[in-house]
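Going by the order they are written in, the chains are A, B and C; count residues from 1 in each one.
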Amino acid sequence: MVVFEKPHALTDVPLHYCPGCTHGIVHRLVAEVIDELGIEGKTIGIAPVGCSVMAYNYFNCDMIEAAHGRAPAVATGVKRANPENIVFTYQGDGDLASIGMAETVHSAARNENITIIFINNAIYGMTGGQMAPTSLPGQITQTSPYGRDTNHCGFPIKVCEMLAQVDGAQYLERVAVNNVKNVKNAKKAIKKAFQNQVEGKGFSLVEVISTCPTNWGLTPKKALEWVDEKMIPYYPLGVYKDNTAEKEAE
Amino acid sequence: MATTQYLFAGFGGQGILFSGKFLAYKGLTEDKQVSWLPSYGPEMRGGTASCSVILSDTPVGSPIVSKPDVLVAMNLPSLDKYEDSVVSGGTIFVDSALIERKVKRTDVNVYYIPATKLASDNGMPTLANMIIVGKILKELGGYNEETVNAALKKVISAKRADMLETNLKAMNIGAEN
Amino acid sequence: MADKVLMKGNEAIAEAAIIAGCRHYFGYPITPQTEIAAYMAKRMPKIGGCFLQAESEIAAINMVYGVASTGLRVMTSSSSPGISLKGEGLSYLAGADLPSLVINVQRGGPGLGGIQPSQSDYFQATKAGGHGDFRMLVLAPSSVQEMADLTVKGFELADKYRMTSMILADGTMGQMMEPVSLEYDIKPMPEKPWATTGTKMEREHNIVNSLFLQPDALEKSNLERFERYKYIEENEVMYEEYMMDDAEICIAAFGIAARVAKNAIVEARNKGIKVGMIRPITLWPFPTKAFEAAAEKAHTFISVELSMGQMLEDVKLATKCKGEYMLCSRVGGMIPSPEEVLAAIEKANGGAK
């Protein structure tokens, strides 16, 4: 009897992520959803620059590696070329909320019928732990060694709250993957975000509060706790916008 | 005629580019080599506008007219700026309704025509440019009903087909004055 | 003649692109090339294509990257400052070996510069479109007809070699109207088995990518690309020779500068001066051999350009610095007059000082 299987949408390439990093969980959730919706053959994934830069090796669907922050623009091109394809981007906080903010906001404003998986772990992982646009006030990073001073370098950006003000955005939800219950909710949100695209309901973004034990300087277990103690109070979980139910009623 | 270089100059909004375009199309209909080059940028909006038109029997080299054979000056700044650039023996058409002074050069042919006044007197205030074009064709030759009609059809969009007659009328007024 | 229409250079590019099968255009308004966007905005919805005004030049070139990944013909256009913004995308397109067509209707620089014609992006186009070792096919039209012809050619070359073709025009070429004939025999696109259009569960996944973390693998990809470039240098050079048979003075000029130079050459020939011109149509690959051959007879090379001697460097390299060299240039949006070029020719001829 098979009790646990790798989703088909994941390749056999071993993930390069650090121990305790939750990228692996989110990759698996995305892959499960692709399997369950039976869309692998028509899905195109766009990988970002950041820790998940090599996501193109991990998903079995066609993949494109984009320049830093430009994944939503690349996704726009792919989707406009072949609207029957399912197009998703997988981006971190530096990619999506800093260097690629314009691409993020405008793809939402245009209501591109795409799915964005946004990994928010409040730090730049790949370059070794620098301050992210989502680093918390007071958070110590390599480039905020005395703690993020909001008088000096401003406040964290709350992406779901911000995009909720953009008329084009259709579905925005923030989830976490630090415990079983949250993982289950995250799966539901990710599935809805892909389902929306399949049904032509438009721009869907799921923000996943993630961990970075390595650069947070915590053990994997402590990192999961830190999500509950620090991250979620600043970035409350929940649905920030959902126009897709209305569309069903229409 | 091997090559004739025209320079149309005036205010933005006087139809400078349009009259140049008409001449270029007329040349094209007559199997000539042609080029049309507008000034572009913010100056198009209310400042001075100019356009270079070259009609030739041989391939056009530079499309920039710096020594016009024919200058059309529809305001004083244009006459001031370009009078000296006209080739010796060339021709200057002056809208005398808007330019009070006379051309100083004595080695060029000059035609004064109160185009802007004629246009408003005849209820076609936007067609002073085509009145001058009518004058050009009369004085320099080249008025050919067939090619004039063909060129007008090219420059006037189908939606404004009613303007065709008015343009012809304007050119006739120019030819008669 | 009957089939010829008068078109602005910018519009000729747009219509030729549509004829070549381009159905996706992304851009951001900037003078003096906005007619291309306006034309596409009007036409694309009527032929089932997609015109999209992007939020930035950066977004536009990345939308191009997205469509190019699917194997369809796609283009963007801009003018100098906007092309600088696209530099990032140009490098990624090269790194991922994606075909695309990029139009640069140049204006004066650096910085915000002006809006009048210029050729001062020559270095950027031919040598440094972005970071990393890569080339673009750089095509330099000198008439409205060539604006259209080279657009079609640009798409074909881009597909053939999986790289970016850039049309390097200038404000004059974009804004002027001349008669054009738009009759083309469009060849079918080559197969693109690498395109990311979905596996349909029938093949391994395709990956469009420019990341190689292993230096030996990255070196290999660079070397393979440069093998292709070498082949292109041997097979795709285009240029026009004008009165070069007995030329003792050789003008090098492209685009609008070549048009002006032709007038001056006619005048100089009337004065008995043996002058001719090599007009590169491809700036990369540069017509090195043509200049090398000209150096056998010509004693002086005059680069007529709307930049501060950027092309002159390539002329010197091509001719191994064997001759005398002069620069005849105006910049900042100014264009040399035929008289200025004639004066340079006469000076080269040892005449009027």
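Keep in mind that, in the parts below, contacts are C-beta pairs under 8 Å (C-beta built on N, C-alpha and C of every residue); 3 or more make two chains touch, one makes a residue touch a chain.
On a predicted model such as this, the values are computed, not experimentally measured, just so you know.
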### Message
Testing understanding: with touching defined as stated, what is the shape of the graph linking the protein chains, line, ring, star, complete or other?
### Response
line
### Message
Taking the mean of each chain's Cα atoms, which chain ends up nearest the overall Cα mean?
### Response
C
#### Entry: Where subunit B and subunit C are represented by their mean Cα positions, the distance between them in whole Å
34
#### Entry: Interchain centroid distance [CA atoms averaged], subunit A/subunit B, Å
62
### Query
What whole-Å value do you get for the distance between subunit A and subunit C if each is reduced to the mean of its CA atoms?
39
### Query
Which subunit B residues touch at least two other chains?
none
### Query
In the complex formed with subunit C, which residues of subunit A make contact?
11, 40-44, 46, 53-54, 56-57, 59-67, 70, 73-82, 85, 102-103, 105-106, 110
### Query
In their shared complex, at which residues does subunit C touch subunit B?
1, 4, 6, 31-32, 115-116, 171-172, 175-179, 256, 259-260, 262-263, 266, 335, 337-338
### Summary
Contacts from subunit B onto subunit C in the complex sit at residues 21, 24-25, 28, 31, 33-38, 40-41, 60-64, 66, 154
### In the complex, subunit C residues that touch subunit A
24, 26, 50, 52, 54-56, 58-60, 62-70, 72, 74, 88-89, 92, 96, 196-202, 205-211
